[in-house]
Amino acid sequence: MQDILSLATANLLTPMILCFALGLFAALARSELSIPEAVAKGMSIYLLFSIGFKGGVAVADHGLDATLLAALAVGVILSFVIPFVAFGLLKAMTRLSATDAAAVAAHYGSISIVTFVTGSSVVQGAGLVAEGYMVAVAAAMEAPAIISALYLASRSGGRAEKMDADLWREILLNGSIVLLVGSFLIGLVTGQPGMARIEAFIVAPFQGVLCLFLLDMGLVAGRGMRGAKGVMTPGVLAFGLVMPVVGAAFGLAAGMALGLSTGGVALMMVLAGSASYIAVPAAMRVALPDANPSVYLTLSLGVTFPFNLVIGIPAWVAVAQAVGG
Amino acid sequence: MQDILSLATANLLTPMILCFALGLFAALARSELSIPEAVAKGMSIYLLFSIGFKGGVAVADHGLDATLLAALAVGVILSFVIPFVAFGLLKAMTRLSATDAAAVAAHYGSISIVTFVTGSSVVQGAGLVAEGYMVAVAAAMEAPAIISALYLASRSGGRAEKMDADLWREILLNGSIVLLVGSFLIGLVTGQPGMARIEAFIVAPFQGVLCLFLLDMGLVAGRGMRGAKGVMTPGVLAFGLVMPVVGAAFGLAAGMALGLSTGGVALMMVLAGSASYIAVPAAMRVALPDANPSVYLTLSLGVTFPFNLVIGIPAWVAVAQAVGG
Amino acid sequence: MQDILSLATANLLTPMILCFALGLFAALARSELSIPEAVAKGMSIYLLFSIGFKGGVAVADHGLDATLLAALAVGVILSFVIPFVAFGLLKAMTRLSATDAAAVAAHYGSISIVTFVTGSSVVQGAGLVAEGYMVAVAAAMEAPAIISALYLASRSGGRAEKMDADLWREILLNGSIVLLVGSFLIGLVTGQPGMARIEAFIVAPFQGVLCLFLLDMGLVAGRGMRGAKGVMTPGVLAFGLVMPVVGAAFGLAAGMALGLSTGGVALMMVLAGSASYIAVPAAMRVALPDANPSVYLTLSLGVTFPFNLVIGIPAWVAVAQAVGG
Amino acid sequence: MQTHKAKRVEIIIEAPMEGRLTAALEKAGVTGFTVLPVLGGSGRSGRWTREGQVGRSGMVAVVCLVRPEKLDTLLEAAFTVVDRHIGVIGVTDAEVLRAERF
Amino acid sequence: MQTHKAKRVEIIIEAPMEGRLTAALEKAGVTGFTVLPVLGGSGRSGRWTREGQVGRSGMVAVVCLVRPEKLDTLLEAAFTVVDRHIGVIGVTDAEVLRAERF
Amino acid sequence: MQTHKAKRVEIIIEAPMEGRLTAALEKAGVTGFTVLPVLGGSGRSGRWTREGQVGRSGMVAVVCLVRPEKLDTLLEAAFTVVDRHIGVIGVTDAEVLRAERF
């Protein structure tokens, strides 16, 4: 425990976390500092491409591990199951309507790619090497939670839109899944020779880009917080802090059952403990329009994301090391 | 022939080509993956600046070659002449109206800077060194084809707008010509000391940026293809595959007549065999508004650009090596 | 003097200055070359973050200098005082109204961050090391001049809006101040370990990004010049060339009184001799809406900025070396 | 110049619904429309700005010029999509130059 | 479909004044508005384009649909802010679908 | 507040023609206009979106508020430019606050 705390404190003083804090501060102080939307989107494309490609090259280097398929299957199951847990907790801890609770549950079953990217960077900084295919697991965990949530909503009498072909395509081919899986495959096919060509672009500047990107995340999270007065009851807030721990526990169990490396277990915890704030909100607006976006966006982006960044990720890495080492 | 095929196959498995393929796939599968327009334009500015500057530094290093002026003159002549060939082929192979045929012909007389940038990267990857002033030749080849096309259109009774001073300025000072020639001159003036200052920016990350840029080109080309049903008759499609070969043959003859290096001959083939999709379409909208933009954009971007990327460039490099080596 | 001239001439042939010149040329020739607003803003965020962070790391390395507070105080005083000098000169040299003169004076009391960034790069290129906290001095000099200008305007009967809390917040927490001070503090806290993580992003590509950014500044300055016919009387133009010299003289005196290093004196001259063109114009539109924006924008961006880039900065560095060496 | 009566319909809608709206318009026989970007706004669901958004969220404005007799079909098609979603529909009288185009 | 009379007010204003304008609108009881980006324009203060700008400058368009009886309050609130600044205000008759929202 | 009758003209035109359109407007004595960005649209020439574009293509919307008596001059000037090009022109009745500005 002492170790975990000191590790978390060390993590607080990295440029990445401090950039996020700067963004939060600027937004809460109502500074007009802002990063253009196009630039933020450009940085997220860079980060996804880079992490996908590096994962693919890692798999090309070490050969296809027999656990890849098992890990994908476990990831999909986690994404299906976690919304039920989250829904139960929400019903117990908050007064959210069933529709709102279902929408929130979808976010926690799915994953946050930026949390995953930051987690990968911390895992690597701790001298660990995770399975390269974890990026594919991340992609696989994005969508299933949405189905569970729609089931939960309609079971409770909510008016979920029916899932038409368009919605399926939007969810399964959303930009980050396609980019992540695509660059993973490109890395897998081109391997080290491909890496040699573009290494100077995707490896060296990575952490610096992540800093500026987290600055923007801080700005967005802070602006979201400012606009969310009234939505955040103590129960809702508590859920946003408890749920990532619960999710990470599921991730820990799954990672150990799969026999992943220490780094892999840490990333599985990061994934299971993170909450989506891009793919799922857009899907909820289409499929569950009566759910209040302020609730799920504030929870996911304003509570759980900062929690994971500052406390969760370093803690999960420490736990994985304690358990695995 | 065997060699050319195996070279082309090797080229297929580079991150660049696979990124283009990923973009094509995403667009055709109607994924919402997209690269913000501003970021794509920013990357194209980076690529043009980098390639122009490197060309200028190369000329500063090796001294002004006596063939520079000859190469410029030959480039201008090719750009004037190729539209007549293209127009003839179009009349023979397709049922396009004279106005549409003239507009298409303008695109094939002019050049595609992105094809040139990719070609330079492949030439360099093959261990060849091309004349640095080829970037100036590329700039010189952008505009003359437009004049030939307007002549062809009005000779066939088409209603071409008269070329007023504004249009001339727009064509001759279009962004990519100014940036390419300007950065070429800056590289020429500052030489190696200038290069030392900005090398870490313009050399090392180049291929990585090109990958993301080609991902966007794939998305744009794919979306263009999806919108072009009905326009693409077999004749039109065949033209889009035959014309780059014809153009490259002209480029081969010109490059050998000029006595260019092997790399220079390859780039001359790449230029002559490529079709514009930025400068010329905009000029056509102003000067030949009755021509159907779907026809020329789909041909240039959806047929000839992918052909050159995947088959043309590696083939021209191999041909230049076979002939020159 | 001879030395100063030859230094200035050497400075002219760097990629940075030539990129600025290319932008100017393209704009004056009405080329449609342009850098997307979002990309330009992205580059300026990168430059500010990088220079702030490096300043913080430098302070972390050398320990907090006793002169830091003194330098901040002197910077604030300069920013308060210079507008009075500028206002006096404007009244003597031009026929501008009191309101216009006050607005212009605010710009010259404040500072231009881009001039400072370029100055830092030239100082470093001359082998000098400036105090890392100069970035904090730069931030401190942005706002005080606005107060002096509003005082000048209302004293002369101009209708200045009253400075409400919103306006104060906008000025004191404007984007560049927050980013500069924030990244300075992040650099200070994380020191060399932080630098090691993001060095490849913020150090190596810096000069290259600055080149493209100055290309955009040239485009913007040139477009501003084109739209400013009629505003630029000889008197106004002369002020734009004389005032940076006057400001730099104040900076020289201040820097020597503080006992700054040679590099620090040069940067103090750069700051005092530069004129704001982002923060102050926006504040003037709110607080002094009757002042003509063409006058102050053209002066600051179209006259003084190019003067400083081409002549001022190298001259101030040479003067600081002559005086300090 | 001779002009013809038309209606100008302006629909402000969540970006994730844009594709569904334009598909519904096309299905209702409306072939002409223009999509404009939106920076921010305020309504019953509160204030939002593009800066406070991540991902695909945000809104767009869709403008249609139609013949007056097509207005009702258009409004019904649009309303089906907008109904349960955040957004507004406004209609103004307008005139257009080339009636055959609408 | 049944529609209700409304007014559409379009205000083109300098970007640094946007926050002040929307605050004034909210203070005057106008809770619905949409902000659109502007690329450039021309007026008494001359021609400008976004490309020729640095920093926060530039303009935005604010569009409000309001009940006719609220128009005067809105115009007065807007006018106080726009008065000494660069910009224009235009009003058109409009119709909206769900009157209870305005 | 006192308002004055005006016309609001909205012209959707290809971006490469923007400079020619505004030049024609200025030549016709129209000094006030605003240019808005366009994300996509649909018309007789089919569907397009900004994402499917490279280079300078795409469209813009030009909005002019003019005195009613200037409308015809404006439409003629605009029509000369738009005529053979992709695009539409719509006109609505409007009111403005300070008539002397138009």
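In order of appearance the chains are A, B, C, D, E and F, and numbering begins at 1 in each one.
One rule holds in what follows: a contact is a pair of C-beta atoms (placed from the backbone, for glycine too) under 8 Å apart; a residue touches a chain by one contact, two chains touch by 3 or more.
Given the structure is predicted, the values throughout are model-derived calculations rather than measurements.
At the interface between chain D and chain F, two copies of one sequence, fewer than half of the residue numbers in use are shared by both copies.
For the pairs A-C and C-E, the count of C-beta pairs in contact is higher at A-C. Ranked by separation of Cα centres from chain D, the top chain is C.
Centroids of chain B and chain F (each the mean of its C-alpha atoms) stand 34 Å apart. The distance from the centre of chain D to the centre of chain E, with each centre set as the mean of the Cα atoms, comes to 18 Å.
Chain geometry summary: the mean Cα position of chain A and that of chain E are 39 Å apart. Listed for chain D are residues 36-37, 49, 56, 92-93, each touching two or more other chains.
Annotation for chain A: residues touching 2 or more other chains are 32, 34, 36-39, 42, 170, 204-205. Interface note: chains touch in the pairs A-B, A-C, A-D, B-C, B-F, C-E, D-E, D-F, E-F.
Partner chain E is touched in their complex by these residues of chain F: 1, 3, 6, 8, 22, 26, 31-37, 60, 63, 65, 92-97, 101.
The part of chain E that touches chain F in the complex is made up of residues 10, 12, 36-44, 49, 59, 61, 72, 75-76, 79, 88-93. Those residues of chain C that touch chain B in the complex are listed here as 13-15, 18-19, 22, 25-26, 29-39, 42, 125, 204-209, 211-212, 215.
Taken in their complex, chain A has these residues touching chain B: 36-39, 41-42, 45-46, 49, 53, 169-170, 173-175, 178-179, 182-183, 185-186, 189-190, 194, 197-198, 200-202, 204-205. Only residues 14, 16-17, 19-20, 45-57, 84-86 of chain E touch chain C when the two sit together in their complex.
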